[in-house]
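Pasting the structures in now, so scroll down.
Two complexes follow with chain A in common, the first pairing it with chain B and the second with chain C.
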Partner chain A sequence: MTEISVGLIIDCMRKVSNRDIQADTDIFSAGVDSLAVLRCRALLKAQTGIKVPGHVFFGGRTPAGIADLIGAENAGR
Partner chain B sequence: MLVVEDSPLYSAEFFAVGDPYAYLGGLRENDPVSIHRRADGYEFHALTRYADVYAAYVDHARLSSSYGTMIDGSYRPQKDSASGRMLIVADQPEHTAIKRPVKAGGFNREMLARTGRTVRRNIRAALEQLSVGDRLDFSTVIAPELPKGVLEVLFGIGREDAAALLDATRTMIGYRDEAYVGASPLDSLVDAQLEVLGVIDDLIEQRLASGSAEDMIGFLARCVASGELTRDVAVLNGLNVAVGGNETTPHTASLTVDTISREPAQWRKVVDGEVSSDVATQEFLRWTTTNSYVQRLAVADVAIGGSVIPAGSFVTLWNMAANRDPAVFDRPDSFVIDRADNKQLAFGAGVHRCIGAPVATLEIQMFVEELAAWDKAFVVTGTPQRLHSNFMLGLTELPVEVVKAEDLGA
Partner chain C sequence: MTRGWDDLLRGERWRSPDTLWVEDGTEHGWAAVDELAAAVEAAIRACGPGRVVRIRSGSKLGCFAGQLGAWRAGRVVVADHGDLGPGELDLVRPDLTLDVTPGRAEPAVPAVPAGPVGGPDRPLPADRIPGSVVTVNFTSGSTGSRKAVAVTRGNLLALFGCRGLDVPAPGGLTAGSFATPAYDGWWFDTWRTVAAGGTVVCLPGVNEDVFAWPELAGTYGIDRLLLPTAVVAALVDAVPDCLTGIPWLFSGGEQFQVSTYRRAREAGLTNRFVNLYGPTEATFATHKHELPTDLAADVVPIGAPLDGCAQRLDGGELVVSGPLVCLGYLAGGAVAEEFRGEFRTGDLVRADPAGDLVFAGRLDSRIKVNGLRVDAAALEHRVATLPAVADCRVVQDERLTVAFVRTPAGASADPAVRDRVESVVRTFSPAIGVRLLDRFPVKAGGKVDAAALMDQHRATDRDEEQ
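Coming up: the complex of A and B.
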């Protein structure tokens, strides 16, 4: 899962939410909801082939946090 | 007004192993309107009398659904993120605008007839595979057959996809129960929720491409194409219907089998045709009351049951207490299979009355009819395990043995 970068998450989040998302923006405080997460996940999957589990978005909360969690879950495997 | 600190009504454990009917009965008798607090400061008013619960349902303008219909749905009086976009958390005028297409697409007369046929076929097939002496967990082996048929018809999916969708919605609603999820309940909840949204979004994509409107999803997709609904609203309400349909009737069916096993003499009246299946179904619905309560938020002061509930308060409407109210039901704490003029409130009332109520009622009636016609019967052989939830009254395990029909209660 290492090929999902913070930058890619930011790009996808901006596309689905039309909001100015930074690496340390709490996406849920910024108004991202489950449907935006769903669309973001689809974009990430289209570009990397990887399906990120929902709890990674909700646990990570920021693009940087989400990328960290993806790395951590990957390292654990 | 009675104020209960650390109220058991918050406790999923209490509903699994305690006696919530007795507790709520006491409230209804002595403190029909009461306040329930938790250590973290959350509090709600609880309505327990039939008349008060009914009045609260009907007063949908002052008792809003937009703030989540479960305790903890929103921690603060804050609108749900799907507020105004999903039926269960929408007020007027959005509620009516969403209800029309969902009702027209999923709950019209023809869909109801098709659903009934499919459910009956599935139940019959499942029962026919069983032999005298078989031992099984009814709640996991047979009960899911009821909503599967509904999913097949409304969502236009096959039996395997229906089973997968059922697993996901089960995790969403039962996420506090270890029978359904592992060690990280919230992770399981959000993963499952996203799975359900994903499945429904994919189905809408397919229907948009094919133009087919044979099922509810196809009808909603057509509304998306015409601009009547946004795609997000269509997906959210697909989820609403899937969860509402999946996580209720299997529990009702399990509790129905448990009740039949305890009341063989009354059940005999249905088998012998002395009591019609629709009358019996109404009493099974009252007796099981699968959805224990719903929550509202008072957006203005509301006078109810002799008290004034101030604006800004969460209010819970306890269906399970209303359905045992002696002011409305004779012998309310007894199961009476031929109960006449049964005004059970299992589906709520008013504009938010369960949109799937006709389908759910039909499912249970088909189930009752197929059980009555079966040459065998289920006998409960072990202790039923109740779901750890204060919101859904159901069983996670119901050990049964298949016996000859004439041996039930013998």
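Coming up: the complex of A and C.
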């Protein structure tokens, strides 16, 4: 899975949350809520065509962690 | 009444191979669900006498077939999709817990008794709950802790027979299912559909795969879908495409905002919207308002009473009666308070020029701020109808009163919007804080999470002080 990079997740999270998100920012501690996650998933789908499930965000918590989980899920398929 | 109930539980159609239920990519026929329910019924009977059965299942089909089996065994059933806590269980005190798992390849796996839970050492008498009671509704707890409402078979049959909730479905009704069994929407989504001989299609959760909804809607021809008001607002805002292809969207639980409707139309959605109103104490819904295709009003009414609901106003408070009103509250596994045929909603309403009822706040919405009475509902309404404002919620704790204002994306940073909101709020009380947000946190059931709003507010305040 190369289409969804940490950088792309950071870009999308910043757009939907208006917050300064870094690769290692815990997005939920930074005040991102489930609706922002939904918007982010919609953006990722619009840009890459990939449907990322919400649990990846809740489990990954940081852009780097989220990208890792997306990679792991796809490697397992 | 008993005949209609028996026909629902044991009618001929339970032998049909036609699809009754779709969940997680698997189609289940009526006969397969019947088989699972028979296994549940046999397991219950094998455990001896008892009044209340808790059906625990990670699948909605397990909950549904568990309800069918428990009803056939003559029990009060509480379906637990993993979201009932010890507090809720203590209200009903099940004598028996069954774990129900529909098999992947096999149509049914026998239920496994898990022993008594939450109850005292000696079994409670069976007559602690009247024979007419078949299940329980849990209130959302937005006006206190959750309560258990005793629902009778007459309540459910009245709901199933309520023509005002029908939608056109020439090829047979197919309903999407969003609610879990802990919410009264379950009766509308699943049992009301099944009573009409229809098909239930379980939709993946918003956080799982909301993007799969249009495909499921297309494949199965979903005619209607019920969603909590806050979920409609979130989806219309963030992923409106997920709602395409479902002709009728029902919504309830909270005030339907005009801004949600406008946003839906701006996003090109052509769905018909139905705003439902009704306390959990009246089975599911008592009033409905079908939104016109061109909405001009500045507030969405709760509308007119459904057939089977009678209403009266007492000092502006809506009081409902009729067969939809439940028996009463349960506590400690027995009836603790009876409604005696009518339920005081605690909601203030007024009639609009067309005769439709409009929600005008809670009886208890008059809060005190610095010793002065403030009508929180009136404040919320005034702010919510300002330009560039989607919704407003006043939250009070022991220290603070804050008007939380939801604005369209980006507008929360706009000083002009803030000025307008503040000038309205100041006319109510200068001691009420204002916070503009792009979105409101919601609870699992889809209602706005007032406690989380306040927590977030305090956390942000601390950050700003540092």
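General observations
By definition in this document, the second predicted complex is superposed on the first by the 76 of 77 C-alpha atoms of A that agree within 3 Å, B and C clash if a C-alpha of one lies under 4 Å from a C-alpha of the other, contacts with A are read in each partner's own complex, and residues count from 1 in each chain.
In this section, a residue touches a chain if its C-beta (ideal position, glycine included) is under 8 Å from a C-beta of that chain, and two chains touch if they have at least 3 such contacts.
All of these numbers come straight from a predicted model, not from anything done at the bench.
In the superposition on chain A, A:Glu3 contacts neither chain B nor chain C. Of the two partner chains, chain C is the only one touched by A:Lys45; chain B is not. When the two complexes are overlaid on their common chain A, residue A:Phe58 makes contact with chain B and with chain C alike.
More residues of chain A lie in contact with C than with the other chain of the pair chain B and chain C.
By the document's definition of touching, both partners, chain B and chain C, reach A:Ser34.
When the two structures are aligned on the shared chain, A:Asn18 is found in touch with chain C, with no touch to chain B. Put simply, chain A uses residues 33-35, 37-38, 41, 53-55, 58 to touch chain B in one complex and chain C in the other. Residue ranges on chain A touching chain B, taken from their complex, read 33-35, 37-38, 41, 53-55, 57-59.
Touching chain A in their complex are the following residues of chain C: 205-212, 234-235, 237-239, 410, 413, 438-439, 441-442, 456, 459-460. Put simply, chain A touches chain C in their complex at residues 18, 31, 33-39, 41-42, 45, 51, 53-55, 58. Put simply, chain B touches chain A in their complex at residues 81-82, 184, 186-188, 190-195, 197-198, 201, 232, 235-236.
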